[in-house]
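What follows is a single structure, written as structure tokens, with notes after it.
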Amino acid sequence: MSDALLDLDAISVSYPSRKWKAPPFLALDRFSLRIEADRPRIIAIVGESGSGKTTLARVVLGMLPPTGGRMNYAGRSITQMSKPQRASFRREVQAIFQDPFAIFNPFYPVDHLLEMPLRIFGIAKSRAEERDMIETALERVGLRPEQVLGRHPHQLSGGQRQRIVVARSLMLRPRLIVADEPVSMIDASLRANVLSQIQALRDDLGVSIIYITHDIATARQVSDEVFVLNQGKTVESGTAEAVISNPQHPYTRLLVGSVPRPDPDHGWSDLSGQLEDQP
Amino acid sequence: MSEPLLKVRDLTVSYLIKGERGRAADNVSFDLHAGERLGIVGESGSGKSTLALALMRLHKPPARIEAGSAVLDGTDLLTLEGEALRRFRWSQISMIPQGAMNSLNPVMRIGVLMADPIRAHEKGWSGDRIRARVAETLESVGLNRSVADLYPHELSGGMKQRVCIALAIILKPKLIVADEPTSALDVVVQRKVIETLKDVQKQIGAGLIMIGHDMGLMAQSVDRLAVMYAGRLVENAPIRRFFRDPLHPYSQLLISSLPSPDEVREMKGIPGAQPSLFKLPSGCAFHPRCPAVQPRCKVEEPLSRSITAERDVACHLVSPETADV
Amino acid sequence: MSTATPITRPRGHAVLRGLAELGSNVKLTSGLVLVLSLVALAVIGPLLVDTEMARPISAPTNRPPSPDYLLGTDGGGRDLLAVIIASTPQTLRLGLLAGLIGTVGGTFLGLVAGFFGGWLDRIISTATDVVLTIPPLAILLIVAASVRSVSVEMMAFIIAALAWMHPARSIRAQVLSLRERAYVEIARISGMGDLRIALFEVLPNLLPLIMSSFVAAVSGAILAALGLEALGFGPQDTPTLGMTVYWSLLYGAFGRNMWWWWAPPIVILAILFIGLFLISVGLDEAVNPRLRRQA
């Protein structure tokens, strides 16, 4: 067996309950996932709100310590990294967020987001090299540098902003990207562009991607493997085709069957009896 | 065919900001028959929400209705004023606003919230009669009548959204305008809410205008679909025709850019971005992104015209002769 | 790419462009005009009028306005026009100095408390709340009474010591919201240190709030100074607007119908407060996100 880039072994995250004497709330329940170092994959984590998918993203990014289980990155436990190891973890594991507006500091032109990591990680040797790297990265994601540099975030479209975020990740030569609902706030006509950029990261740069989403259709389009989360637990996992085209678990079936197809003749499948609201 | 319930003609709503004018709705015309469901899709900034608000006369400055008419059952919505407008709203035309479920008054019980519009419109009703209507309406949206005694925070998102539907239909209006009625809901609940909405709309025989951006959801919800781009209706067609044979290049691209959950296809986006309403390109507003652009499209704005009896398209390349219908 | 159309690349910070936008804000502009006209009076006035005439016994006493003494003279033989021109800058200086110290101190404390949280926050917040409950005039009276003669600077320091709480509170509240923003999170993921995040990611976004806190602190400080002066605890040897009011009260200018003694300082103060009020309201409007979003 080859080395794992990321190895999550029975990761749990629990919060103390707010109610008196109630058991703690399990946001993530013994979640396991292994990404091989030499085989870049796109892994979709599919779930509804409250399924624990965003908690998982925060754990992988090192922003939230798990309360149970083991998490190794490149063979080292995340909780016991030395300073330089931690710095390289921070550089190699990057994030793409849902709201491509909120991650821009409104005070600065968008350049700030691109310059910041280059300076902190000491990647560019000079201002000229920095400029060069930024422009190359922007061109890679299909943006003309002169169209976006020097502008403020509110002057750009959602698709442009999200592609700048992809460009930012790209410059850092990451090995793993956690993309939390990267296209849910982008207009339909621009989604495909951002998603193909994400696929290109895997294919051209060998980056593995954890794609966190509620959208089964895009998960089917871009991912290799799918994990379906419900209330903190993995209910089904496997190749995207197997899980989505031939779901076994009743919850997955319910989820896949509830996606509205853009075809008036292919109505919602009959799932009567499974659709009761939980207050 | 019978007289339509709602006839919108040349409706123009503009924003005036710092001396610049942008038209969020530019000469929009469409018909809606009683019992019919019309979807209006568009990307953010296409003017679809402004259009919905203008029909309710709930648009706020700097938005202003510049021209046009919207006749609902013989009454022009756009000329009603004061008391007449107040009486008309809710009893004749009601709205499920965007994000409504999060704006239910948190300190009022659902029953009280729902009795409010009845009290405001039906002065003579007894308490028992009001309570009966509230209970009956709650049941029609699939909620237990005991929900009337609960506060909004005691309900799940799906239940809250159903309360909003119940609020909209409590006076049995002739027209319901729903702006993104399921935008914050998960797919499973979304489906249930849409089915409820369709159900009650059928029961009371109202017309429904549903504003949204999710084409899949539209395919499952409405009878006709109108596509809005930069303030203009570029296509308006029966839903099956629309998905089987979209005529406007923008409609075609929208459909082909939809990811499918059932098979892997090459993903195609639409290059470029929607223009700002304040800086529209010359000619057809879509021409810079259009794959079939002709020299004529850059100078002359295409007007919406009937391709068949029930289908309108605004594109120079589509005419009754070229369309294969 | 040499034939590319000229591309306008907007340069400069949001705040600077924001300032340009503020020009169209009527309240802010008129407030600035009022305050700046007082500053102009303070700067140009001494060139036209001999401020030495503001000293006692420089002129005949108790004269109503006349061509020789445009605003008349007071009971101590001061030329009141000279008094006004000499004292307006003193009052402005006091307000600006106290407002500046209070705002800078408050911003620092609020930023530290809000951003770092924990025990630092608890100490600072508790201290702020405790000091807020003390009536400032009481403290000021005690301090001013125990110091024999106060200068304008000393008064500014005394007042500033009680002017930092409101800025500290509002800045802390804003920081609590800003530090949860995604851009702070991504700075953290990028490996940026806390101090740099506080200074370069959070602080710039506080500028509008700091500006409006500053204006409020300036008017609060001038008001506090007036209170002290009207009670006779102001600087005895420097003419200020408040001391002029105090002298006029002390020598019964009201009873003797000497309106030219008490009216001019009150008119100047009214202009100053209306100006500061308009600036503050105008800034509020500019900062209010609900109003800004329409842009």
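Just a few scattered comments:
Just so it is clear, A, B and C label the chains in written order, and each chain counts residues from 1 on its own.
Everything that follows uses one rule, which is that a contact is a pair of C-beta atoms (placed from the backbone, for glycine too) under 8 Å apart; a residue touches a chain by one contact, two chains touch by 3 or more.
Since this is a predicted model, take the numbers as computed values, not measurements.
Counting hops only between chains that touch, chain A reaches chain B in a minimum of 1.
Contact counts per chain pair peak at A-B. Ranking all chains by how far their C-alpha centres lie from the centre of chain A, first place goes to C.
Chain A and chain B have CA centres that are 32 Å apart.
Here the CA centre of chain A is 49 Å from the CA centre of chain C. Inter-chain centre distance (chain B to chain C, centres taken as mean C-alpha positions): 51 Å. Of all residues in chain B, only 43-44, 154-156, 158-159, 186-192, 194-195, 213-221, 239-240, 243, 253-255, 257-265, 267-270, 273-274 touch chain A in the complex they form.
Within the complex, the chain A residues that touch chain B are 48-49, 157-160, 187-193, 195-196, 214-218, 220-221, 241, 244-245, 254-256, 258-265, 267-268, 275, 277-279. On the chain C side of its complex with chain A, the touching residues are 4, 7, 9-11, 13-15, 181-183, 185-192, 201, 204-205, 295.
Only residues 61, 63, 87, 90-91, 94-95, 97, 99, 102-109, 113, 116-117, 120-121, 146-147, 149-152, 154-155 of chain A touch chain C when the two sit together in their complex.
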